[in-house]
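Presented sequentially are two complexes of subunit A, the first with subunit B as partner and the second with subunit C.
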Partner chain A sequence: MEKLKDALDFRDFSRAEQIGLIIFSIFLFIFPWLGSGSFVKAVMIQFLLFSLFGMGWNTIGGYGGQVELGKAQYVGIGAYTVALTMVWWKIPFWVSMPMGVLLAVGYSFMIGYPLFRLKGHYFAIATICTSLVLQDIFANWKLVGAAKGIELPIHDHPDFLYMQFKSDTYYYYFIMVLFYVALFYMNWFRRSKLGYQLRMIKDDEDAAESLGIDIRWCKIKAYTIASAFVAVGGGFMAVYNLYIDPASVMDLDLSIKIALMAMLGGAGSLWGPIIGAAFLVPLDRFLGSWLGGHKGLIGLDFMIYSMLIMVVSAYQPRGIWGIIEQFRRKGS
Partner chain B sequence: MTLIDALLQGILMGLLFALVALGLNIIWGVMDIVNFAHGEFLMIGMYTTYWTSLLLDIDPLLTLPVAALVGIMLGVASYYGLIRYLLRGPAIAQLFGTFGLMLFLRYLAQFLFGIDYRIIQKGILIGKSLSIGPFIFDWTKLSAGILSLLAFLFVYWFLNRTKTGKALKATSINKEAASYMGIKTDKMNAIAWAIGGGTVGIAGGLLANFYYVYPTVGLLFCMIAFACVALGGFGSIKGVFFAGLLVGILEMVFPVFGSLVNSDFLGSHFKFTVVYLTYFIIVVFRPQGLFGWKN
Partner chain C sequence: MAFLEISNIVKDFGGLVANNNVSFQIEQGEIVGLIGPNGAGKTTLFNCIVGYYKPDSGKVIFKEKDITGLKPFDTNKAGIGRTFQVMKVTAGMSVIENVMVGAFCRTDDRHVAQSEASGMLDFLGLGSVKTYHLNELPIAMQRKVGLARVLATKPELLMLDEVASGLNHTETDELVLLLRRLNAEKGVTLLLIEHIMEMVMSVSHRVIVLDYGEKIAEGLPGEIVKNEDVIKAYLGDKYAKNH
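What follows is the complex of A and B.
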């Protein structure tokens, strides 16, 4: 109960941030009734999904300061668990999604234990490696559809148990609920014991260790939490897209996007991943649909995207939220 | 027989891998920065050779100096245009910065040349092979292996025998002490990037002789280079050479074993998976690599 109260407590933010959150929430809630097209709705769903991913990444990458570039493997585990159990045994989404999360948690423990012997660059590359290994396995494993992927059976009638709806609006509200659960959790997390411990580790590992913090165990816990978040999103991707293959749910590009959005928005702050996703997802989708249509302009959208990354990492490594805070400090 | 054959082919590929990894290792050793764009430098080298040989109608081997020059310019431009600014920020910004560079170069190539797979058709070595006893070598691969070895030895000589090379080594051992001796760190960093870009440009030029050229070719070689560097030891030039050979042999010999057992998981699809796994195991259990001294 106490924890729940903490999670819903946004009082330590400034007035502007609180008002911003309220306006943002109202907007999210009434958004489907604004009569926007299906493309815009799909972009919004994507935005909420990536905010969820980004918030997960933020535990280990933002608060913990460990550059993690292998989150796609957990998206894959979540998505594949939901898809495979649905195809093989007709297990409803509400059972298979927690199963996927459990699997992701177990797997991340297994991998996290050796992984967190490493630091910095070595850690970052090792996470890419594990992700690539898993992708290679899934891309060649005939039992799980190999590179062709799996199609989920489509039901004739909307089915809540299997999360199959005719309209995107239902998916929208579902992912919105997940988004808020994640937001409240993160709001609690940043003031939890683990949250403070992680920030200490990020600042100075030796000092943290000398104060009796079990560094490796803390990192593993944060990594596991991040994996669980991402696996939930993966399960959602499976029922939303009705089709998954290793290239769409396990690709390195996905890992990069997740980490990038959180970093661009501002790693280590509650709003960072959301801002990052709000900025990059529409940019990605609109640029993609606008430029992709013109033959001969393939790749221009990603060029703009990557230039942004370079500029932000060179001038303000704390991301957009860092820039905002800088201005605020100047103003006051 | 196939095993020995695979071994020899693996050595030739390994020499090339060593050259690819060399530049990454020098940059890593001197500046403690991971260059994610390294594979993309290779890709640019490949495209350089492809286009110069096609447009000027000369043999691909003669375009190697051009590829090296383009690589050097690319390295220096990246250093002065981006990396210098990244150095002020935290490690995470450095990682993402070079990552941005990687994406930028990849999609620039895609934008300019399209996503087609291209291969060089004409050249004195292309399609010819040399048979020594029972073994058959493609001339392209043989020349790639030998020229890689020569380039590698040249850089090794440069680092150990010339004044600049020694200064570079001094910087990689202790930046501050080196700068007290009057070695300018900034200049050394730029030289490291120039060597890195140049060697990988040559490697790209050699690779283009027998490998498809396409915008996303870099990632695979980038990961191989990471594995070589980790295996050899960060900052160790000798180490990266043997590691390159080892990785080359591993990726050629593994499919031979795989073909003996009929399984989903041992085929040649997995030859690079083995490389990734090797990286993972090596860095976890022996972080300084086989020959490394930096921890």
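What follows is the complex of A and C.
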């Protein structure tokens, strides 16, 4: 009960942030009725999905300060669990999604336990490696469809058990609910014991240890929480796209996007990953489809994308939210 | 049985013997100063006790429990707190959040941690800077925050590594009063490394001297200042009387 109260308690934020959250929530809720096309709706779904990923990454990467670049492997585990159990045994989404999360948690514990002996860049490289290894295994494993991937069976009529709908609106509302669960969880997390301990670890590991914090265990806990988050998103990707392959759910590109969005928005703050996703997902999508389509302009979207990241990281390492806070501190 | 018993600690960094057969005991409620010239092995000894280093041989016994080689977070849970010579000053957390992290060592409840941290800051006279960040404070206050956050873990033995370095006269005097209060009111046993002789001699009940990794003297502050070996270690042979 106490935890739930903390999760729903946004009182320690400024008035501007509270109003912003309310307006944003109203917008999210009425968005499907604004009459936007299916492309815009798809972009919104991507935005919510990447916000969810980013918030998960934020536990270990933002609050804990560990540069984690292998989240795609857990997206993959979530997605493959849902897809394979559906194809093989017709297990409904509502059973297979939690199974995927459990598998991701178990696997991340196995990976995290040895990995957190490493620090800094070595840790970052190691996370990339483990993710690449898993992707390669899946790309060559005949049983799980190898590089061809898996297609989910399409049902004739909408089916809530298997999360199959004709309209994107249903998917939209479903990912919106997941988004809010994640947001409330993170709102609790940032003020939890683990949240505080992780921030101390980020600031000064030696001091953290002298204050009774088992650094490695804290990192492992945060890492498994982050993995659970992205595995939920992975499960959603499977039922939403109805097709998954190692290149779409386990690629390094995905890992980097997850980390980048959270960092660009502001690692270690509640709003950071959402702001980052709100910037980069539309940029990625619109630029990709408008500019990328024209001859001679291929790659321009990536250039703008990377310029933006360079500018923000040079100006304020704490991302867009860091810039906003900087201005607010100056103003007050 | 002594409160803290160090017996025959040896720590060898590949040829450089930082601690060589160091043994001493501390009783509960004492204030003990640990002094010695630069490179005498004081901080190394601290790290061996708390668990940042594993001693090559020897034993650390705290409250009749062998804690040799335990990790720092375990020795902290056992009741030993320590501060650092150099404190990393970051903008990541506010003063009260820093102290809350310490309080979280003994509780899982955020509200309990918050009220304990708040009480600790008031005790140390930092009540007015709770929401500041470390980098916005003068060095004397930063040190006090470092002290506050380790005190929030409720240590029975507090090991202070040069808390007074970089402080001016009045600040040092304040600190001495504070340490005495801690010892008297909260019953915390203190072991402090210090370079400022005036301070360590006035606050300590007993002083232990290290030189080149070995214990060369131990006794009351009044005895230590007259000890020939200590004078030799600090000032060189020609200042000792016998030469």
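Assume the second predicted complex is superposed on the first by the 332 of 332 C-alpha atoms of A that agree within 3 Å, B and C clash if a C-alpha of one lies under 4 Å from a C-alpha of the other, contacts with A are read in each partner's own complex, and residues count from 1 in each chain.
Please note the rule applied: a residue touches a chain if its C-beta (ideal position, glycine included) is under 8 Å from a C-beta of that chain, and two chains touch if they have at least 3 such contacts.
These numbers come from a predicted model, not from an experiment.
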item	value
First (subunit B), second (subunit C), both or neither touched by A:D204	second
Which superposed partner A:K5 touches (first subunit B, second subunit C, both, neither)	neither
Which superposed partner A:R191 touches (first subunit B, second subunit C, both, neither)	second
Partner chain(s) touched by A:K166 [first = subunit B, second = subunit C, both, neither]	neither
Subunit B versus subunit C as contact partner of A:R329, first or second or both or neither	neither
Touching partner for A:R15 - first (subunit B), second (subunit C), both, neither	neither
When both partners are placed on the shared chain, which of subunit B and subunit C touches more of subunit A	B
Touched partner set for A:I309, first subunit B, second subunit C, both or neither	first
Contacts of A:H157 with subunit B and subunit C, given as first, second, both or neither	neither
Subunit B partner contacts - residues on subunit A that touch it in the complex	61, 65, 67, 69, 114-115, 117-118, 120-122, 124-126, 128-130, 132-133, 136-137, 139-142, 252, 256, 259-260, 263, 267, 297-300, 302-303, 305-310, 313-315, 317
Subunit C - residues contacting subunit A, complex	50, 52, 71-73, 76-77, 81-84, 87-88, 90, 92-93, 97-98, 100-102, 104-106, 108, 110, 113, 146, 149-150, 153
Residue numbers on subunit B that touch subunit A, as the complex places them	28, 32, 34, 82, 85-86, 89-97, 99-104, 106-111, 114-115, 215, 219, 223, 226-227, 230, 264-265, 267, 269-270, 272-273, 276-277, 279-280, 283-284, 287
Subunit A residues touching subunit C - in the complex, by the definition given at the top	6, 191-193, 196-197, 199-200, 202-204, 206-215, 268
